[in-house]
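Labels run A, B, C and D following the written order; every chain starts at residue 1.
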C-alpha cells in the first residue's frame, strides 16, 4: 500500500503531465487519485497555475468532501470526482480537462462515433455525451449533478468498459484504476476526438467501424484473450510514468 | 505602490509571454500596463522583435501620448490603448495580438457565440465584434477611432464584465485590472475562439449555452458568490507570472 | 554488412524519431528493420512507452515469427510486417503509425489524391487506401490479413513505386529500402495528408495534378534521369539519422 | 560590403530559421541570398537535411548557373531563383518552402484574398497565384518556366509591392531586399494563409477588406508616410537575426 504522501506526489505528476501534454491551459482541469482503503483522495487545488504547482499544494479530501490536509481550497470540480468515486467502486483515478478536440465535441453536444481502430482499441462503441443539465440541476448542487449526469448517461454500460465521457456544453471526464490510467485515457480521448473531427471533415458520409473490427481491436487489448502489450510480463498501467 | 521601473519589467514579461505562448509572431501585438496614479503607462516599442526585446526597450508614455521615457517609438497602437485607459477608469492593462483563432473570428466579422462553459467562465454571453470603421474614421486618427469603435460596440455592457473584444477585419483587444490580467484574457480568448471554431465545424446547428448554465459558470468565478480558486486566501491576479 | 546489434540500434532510433516528430502517442506505432541475409528483423516491443524505450528492448524476430532475441513481446503488428517483407523482396524497413492526418484519411476510407508537387515528388498518383477487411478476414489471422489487404490493394502497382498506403478504418503503413527510408516515408505521408486535407477544404472542386506535372516532379527524384539531391555524391538514405 | 563568406553564413542561418519555425520538413525548401555586385548568390544544397546543414555546405552560384564554390549540388530550384534575381533587379533574397497553409492555397490554385489587416500590413491586395504551367513549359526547362510563370502572373504589379506568390499546384515563393527579408515574408505569408483559411471556414461569405482599410494598413508600413516601427532610428530589415 502506498502512503498518502506518495499519492499526492503521483497526483501532482499526473497534473503536470496534463500541462506538459498541452491538454490544459492556465488553471483549467484536474486529476485526482483515491486511496480506497482510507477513503481519501488527492486532488489539484482550485485556480492554481500548473507551472507553479508543487506536490505539497495537492489537497487531500475524504469522500464526504472534508479537507483532510492542505492549506488551499481543492478543485471546484471536487464533488464531481466524489460522485464518480462513489458510483464506480473499482476506480481510483479521475481526470478532467478542457482539451481542445474533446471539448469541441462536448460543446457540439455529440458523442464521438467510432470511426477507426485507434478508437476501437479503447472503447467498444461511441464515446458518449451526456444530455444537458436541467435548470433545476444547474441551480442545485451543480458539481454533484454533473457527476450524476455522467452516471445517468452511462446507463447500463459498465464504467469499466467505457472510461471516457463528454459532458454536454462543458468538457470531458475520464477515469481509471489509478490516476495514471485516468491521465492516459484523457490523452487517448483527445487523440480520438481529433481524428474523428478530421475524418468527418474529409468524408461526412463515412460509416462507423463495423462491429467485427470494433470487437477485434477492443478485445486485442481487453478481456481474457487480450494479446496486446506485455500483459504476461509487465503489469498494465505501470508503463505510465 | 510599484515604481515605474517595476512596471516596465512587468510589461516586458507580459510581452514576452505573448511570444512564448505563440500568440504573436515577428513584431505583431503589444501589452501595456498603466500606473493610474501618475497617469503613465508602459508599452512595447513599435516593430521590435520579441526575441530581442529588453526591459529597457519598454517605452513610458503619458495619457496625452507624450513619450516620457525611452529612446524607441512606442507601439503604433498606443493611441488605441490610451482611448481604452481613458474610457475604462478601472483598468490598468491592455493587450492586443493577432492570435490565430481570435483573429480569424475578427476577420470573419462575427462575435464568438458562447458555446461552452470554458467561455462562460469568463464572459457571460458572446464575445462581441465591432462594426467596420467607416471611411471617414479610417482616414482620420485611425488608432483613436479603433478605440472608439470598441467603446461604441460595448455600448451598455460594462467593460468590467466583458474584457475581450474583436475589432472587425483586424484582431482582438483585451484588458484587465493589470497587464497580467490583460495577458491572461488574451490567452483565454484564443482558447475560447479555437473551441468555438471547432464546435461550429462539428455541429453548425448547435445552440448557444443556456442562460442558466451561462450564469452558473460565470458566477462561479465572478461576483459576491464566487467560489472558484483561492479567493479567500490568495489575491486574484497574483498567480500570473 | 551491419550486425544485428547495429540494426537494433538503428531501429530504436527510428522509433524514437516517430515520437519526437509527433507521429505517435503513448504506445501506438512501430518501425522495423530487416537484415535480409539472415532473415531476421528488429521491431519495437508491444505496448512500451516510447519515452522509456531502450535499444536493448528492441526485439529480434525471424520471418517465421519466432522471437530470436529479447525478453519482451514484439509489436502486435509484427505479422503484418512479416507479410510485407515476404511479399516485397527489396524492402528492409516497415513503419506503421496512427499519425493524425494520414489516419484521418484512412478512417475516411479514401485514397489521398495527388493535389500538388509535394505529393508528386514521392508518389506518381494517389496514395491508395485498402478496402475494408471482411468479417472472415478480421476473425482469422487479423494482422496477416491486414498485410494481405495491402498487397491486394497495390495490385499491379509496384511496391517500389508506391511505398505508402492507408488501411481503411485503421491507419497508414509505409516501407522502404531500410528502416530510415520507411521512417522518412511516414513523415512525408503525414505532410502530404495534411496538405491534401487543407486543400480540399479550401477548394473542394480542385483537380488532381496533371499527368505532366506529376511525372515531372516524380522523375526529378526517381529513375535514371533524376537530378534532385546529391545522388552522384552521397548515397540516398544515409542522410537520415 | 559584406564578403561572400558572410553571405554564406547569413543564408545558412536563414535556412535554419525555416526549419526552426516549422516552415519546412526533411529537405524541402531553400533560401538564397545574392551579392549583386559580384553577381554571385549563396543557396542551400539539394536534398540535404536541415539538421545536418553547415555554413560550409552552402553553395555559391553565379547568375549564369555556374557553381563558383562548394562540393555539393545546389538546390534543384536554383534556376527559379536566378530567373527572379534577373527579373527583379532590386532584390537580393529569395525563399521557397512548402509551408502548410500557403502550400494548401497553392494546391487549391487560388489567390489568398485580403481578409484582414494582418494581410494588408504587407500586401495591398490579394496574394496572387500563378496559372498552371503548360505541358510544353513543364517539359522544357521546368525551373526556369516556374520563374517565368511568377513574372507573368505579377504582370503590371511591381515586385517591390508584392513580394509573395503562390505557384499553382506547387508552393509559395517570396523575395526581399536581402535573404532575411525573404525569410520574414515567408513567415508572414504562412501566417496570412492560415488566418485566411480559418476566416473563410468561419464565414464563407465575408468580403475582402475595404480599399480604405487596405490602404491605411499598407501605408502605415510602406511608402513616404509610413509610421510603423523605428524607421527613423533603426534600419528596416536589421531587426531580423
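Methods note: a residue touches a chain if its C-beta (ideal position, glycine included) is under 8 Å from a C-beta of that chain, and two chains touch if they have at least 3 such contacts.
Since we're looking at a predicted model, the values are computed, not measured.
When chain B is fitted to chain D on its Cα atoms, the angle of the rotation, on a 0 to 180 scale and to the nearest 5, is 90 degrees. Put simply, the chain farthest from chain B by mean CA position is C.
Taking each chain's centre as the mean of its C-alpha atoms, chain A lies 32 Å from chain C. For the pair chain B and chain C, the distance between C-alpha centroids works out to 46 Å.
Residue positions of chain B touching 2 or more other chains, listed in rising order: 201. Taken together, the chains touch in the following pairs: A-B, A-C, B-D, C-D. Within the complex formed with chain C, the chain D residues making contact are 25-28, 45-49, 51-52, 71-73, 76, 98, 100-101, 103-110, 132-133, 135, 138-139, 142, 169-171, 197, 200-201. By the touch rule above, chain C contacts chain D in their complex via residues 115-118, 184, 187-188, 191, 194-196, 198-199, 201-203, 206, 209-210, 212-213, 216, 220, 227-230, 232-233, 239-241.
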